[in-house]
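Naming follows writing order (A, B, C, D, E and F), and every chain is counted from residue 1.
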Amino acid sequence: MNIGLLINEGPYSHQAADSAWQFAKAALARGHRIQRVFFYNDGVHNATKLTEPPQDDRHIVNRWSRLAEEHGTDLVVCVAAGLRRGLVEENLAPGFRISGLGQLVEAGIESDRLVVFGD
Amino acid sequence: MNIGLLINEGPYSHQAADSAWQFAKAALARGHRIQRVFFYNDGVHNATKLTEPPQDDRHIVNRWSRLAEEHGTDLVVCVAAGLRRGLVEENLAPGFRISGLGQLVEAGIESDRLVVFGD
Amino acid sequence: MTQVAEDIEREAGAEAVVKKFMFVNRKAPHGTIYALEGLEVVLISAAFDQDVSLAFLDDGVYQLLKGQETKAIGVKNFSPTYRALEGYDVEKLYVERESLEARGISEQQLLVAVQVVSAGEMAELMEQQDVIISS
Amino acid sequence: MTQVAEDIEREAGAEAVVKKFMFVNRKAPHGTIYALEGLEVVLISAAFDQDVSLAFLDDGVYQLLKGQETKAIGVKNFSPTYRALEGYDVEKLYVERESLEARGISEQQLLVAVQVVSAGEMAELMEQQDVIISS
Amino acid sequence: MLHIVNKSPTERSALASCLAHARKGGAVLLIEDAVYAATKGSAAQASVERALRELPVYALGPDLDARGMGASVIDGVKVVDYGGFVDLVIEHRTSQSWL
Amino acid sequence: MLHIVNKSPTERSALASCLAHARKGGAVLLIEDAVYAATKGSAAQASVERALRELPVYALGPDLDARGMGASVIDGVKVVDYGGFVDLVIEHRTSQSWL
C-alpha cells in the first residue's frame, strides 16, 4: 500500500520524528511504499543540514536523507512553516524539498493511508 | 531588581517566547533590569536570523535583537541545545551570543529572580 | 487503447477522486500554533475539491469563541478566518456538545454557524472519513 | 578602600553566594527531550558549588525507573546518568510519594537511592528554594 | 512563592498538580492557555474557587482578552497585565513554572 | 478506525478523549508516552480495562521497553513492534492521532 506520513514536531525535542522514521522503515520492510513524508509545524526542523547531535546519539536528519536516497522517499517541507521558523533552501539536507501545503492534501488524496506524528 | 529569564520553546510554535518578551518589556518599563535571557531546548530557535514570518505578523527574532540593542540585554543561546537543532553561529541574529549552560546557572546565582517560560 | 488515451483516462480518474477529509481541532488557540497552522491547511485543501469537514472538540472549541482580542499579547488574531471558511465552500463545521458544556460555552458564543453534535455523533463522523488530519 | 581592594571584596562576595537550586522534573523521559536536557543543566550546576536538589513529581518519577532499554526506539538511554549524579555531589533527590502511587511504582523500582516525600513535604521543599528551574 | 501555570486545565494536569502544592502565603498566576481555568463554567472552576480560599489567584488580562474570555472571569480571581505579572515576580522570592 | 495515542494519561487528557470516541470495530494503539496507560497500577488502568471490553488495545513494545515497562503490561493489552504498528494502519481504513 501507499502510505503518507505527516510530522509536526522537530527532531530530538519530541519523539514524533523518531516514531515516524521507525514506522517508515518497518513499512518499507513489509513491502509498502512511503508515498511522501510531509514536514509541518516545527517538523520543518527535521530538514536542516546544520544539526550536530552528540556523537553517541542518532542523527535524525541524516536518517531521513538516507531514507530518501535508498528508497526514493519524497521528503517535503512546508514552505510557509519553514519561512516562519528560518528553514531556508540553502540549509536543506539532501533528499528534502520545499513545497506548498498542497503537497500534504495531495498525500491525503493519493495515499491509501495517512498517519500523523506529532506532540 | 535583576531578573533572569529562561525560554524553552521556539518562536511562533508556543506562546512562551511572546510571553517572555512582553514580560521583559514590562519589567524594563518598571525600572528593573533583565540580567540575561537564556534560550534552551527548542528556545534556541529564537536566535536564528533566517525567520521570515508573514508581513502581518510580529517578528519575534527581531524583537529580541531590538531588546538587546536598546537595553543591552544579554541574549544567550545554549551551545549544546543549538548544535542538536542546527542553530549555528553564522545564522545568529544581532544581539545573541552562543555559550554554555553555565550561563543559565550563573543567571540563577546572579539574578534576584529567575522566571521560566516554556511549554 | 493507445498510450495517450490511457494517460488521459488515468488522469481523469485521478481528478475524479473525492475523499472525505476531516480536520480535527483539539487545541486551544494562541498558546500554541496548531490552531493557526491547522487552519492554513484547511484553506489550501479547499482548492482540491475534496469533501472537507472540520471537527472541534476538547479545547478545540475555544478556537471558535467570539470576541478574541489579541492586541495586548501582540499576536495575530486569526479567528476572523473561521468566518471566511464559507467563502471557500468549507461549510461542515462540527462542534462537540460535551466539549462546549465542560467549558461553560454556549453555541451563541461561537463566531460562526456550526453543527453541534454529541460525542457519539462525532465518533460516527470520524469513522466515515477517508483522511483525518489532526494537530 | 582602593579600587583594587573593592574589586577583590566584591569578587569574594560573589563567589561566596550559595543559593538553593531546585530542578523540578515533571515530564516522562523519551517522549520529549525535557528530562534529558534538564539533566544536562543539573550536571553543569554541580560545578558552581550551589546547594542543588532534584524534585521528581507527576510523570517525572518515570525518569527514575530501572530497566529502561531504549535500543528498539533507537534513542540514547540516558537513565544511567542519574546513577552518576552522586559523583557530582548531587545527592538530594526528592521523589513524591503520591506521584509514585498514582503510577503503581514502588521505591524498589527506582534506579537510585532517593528520599520519598509527601506532596506537602515537596511543597515545603519548594518554598525553601532560591531558584527553581522546571522544564 | 509564585506558582505560574500556562496550560489549559482540560488538556493537562499542570494546574491540578500546582494547586496540590500551592500553600498559604503563596500565589497562583494563570497565563496563556491556563487562563481558561479562571473562567466561569470551566471544568476547573470549582478547584480554582477552592484555591481562592487559601491564597490569591491571578489571571493575565491580555491572555484572557486574546481568548475572548475577558468578561467571563470567576469572582475573586484578580486580573493583571504584564506589569502586574512583573510585580508578582518581584513580590515573591521565588517562582515555579508548572510547565 | 485506528486510534493512535502518544500522550501520558496522567499528563494529558488525550487518552480519555480518545476512549470516549473509540467504538466497537475500531482499535486503540498506545505509543510513546501513552504506553504508561497500558501498565499495571497506572491511574489509567481501569479505563483501559473498560475499553478492552469493547475493542482491542495495543501498546508499542519498543516504547514500553524504553520506559522500563516491558514487564508491567495490563492483561489483555497486545504488545506490537513497529511492524505490527504498520499492520494496524493497513488493517484499518483510517487512523486518527490524538495529539
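Methods note: a residue touches a chain if its C-beta (ideal position, glycine included) is under 8 Å from a C-beta of that chain, and two chains touch if they have at least 3 such contacts.
Source: prediction; values computed, not measured.
Both chain A and chain C are touched by B, F. Each step here moves to a touching chain, and the least such steps from chain A to chain E number 2.
The chains in contact with chain A and with chain B alike are C, D. Distance from the centre of chain A peaks at E, each centre being the average of the chain's Cα atoms. Pairs C-F and D-F differ in how many C-beta pairs touch across them, and the larger number is found at D-F. Centre-to-centre separation of chain A and chain F, using mean CA positions: 24 Å.
Averaging C-alpha coordinates per chain places the centre of chain C 30 Å away from that of chain E.
Chain E has residues 6, 10-11, 13, 32-33, 62, 81, 94-97, 99 in contact with two or more other chains. Within chain B, contacts with two or more other chains are made by residues 8, 12-13, 15, 19, 22, 41, 54, 80, 114, 116, 118-119. The set of chain C residues that touch two or more partner chains comprises 30-33, 58, 73, 75, 130-132, 134-135.
Two chains count as a pair here when they touch; such pairs are A-B, A-C, A-D, A-F, B-C, B-D, B-E, C-E, C-F, D-E, D-F, E-F. In the complex of the two chains, the chain D residues touching chain E come out as 24, 26, 34, 57-58, 98, 119, 122-123, 126-127, 129-132, 134-135.
Contact residues of chain B toward chain C in the complex are 12-15, 18-19, 21-22, 54, 56-58, 119. Of all residues in chain E, only 6-8, 10-11, 32-33, 36, 39-43, 45, 61-63, 65-72, 81 touch chain C in the complex they form. Chain B contributes residues 10-13, 41-42, 45, 48-54, 61, 80, 83-88, 91 to its touches with chain A in the complex.
By the touch rule above, chain F contacts chain C in their complex via residues 1, 13-14, 17, 20-23, 25-26, 93-99.
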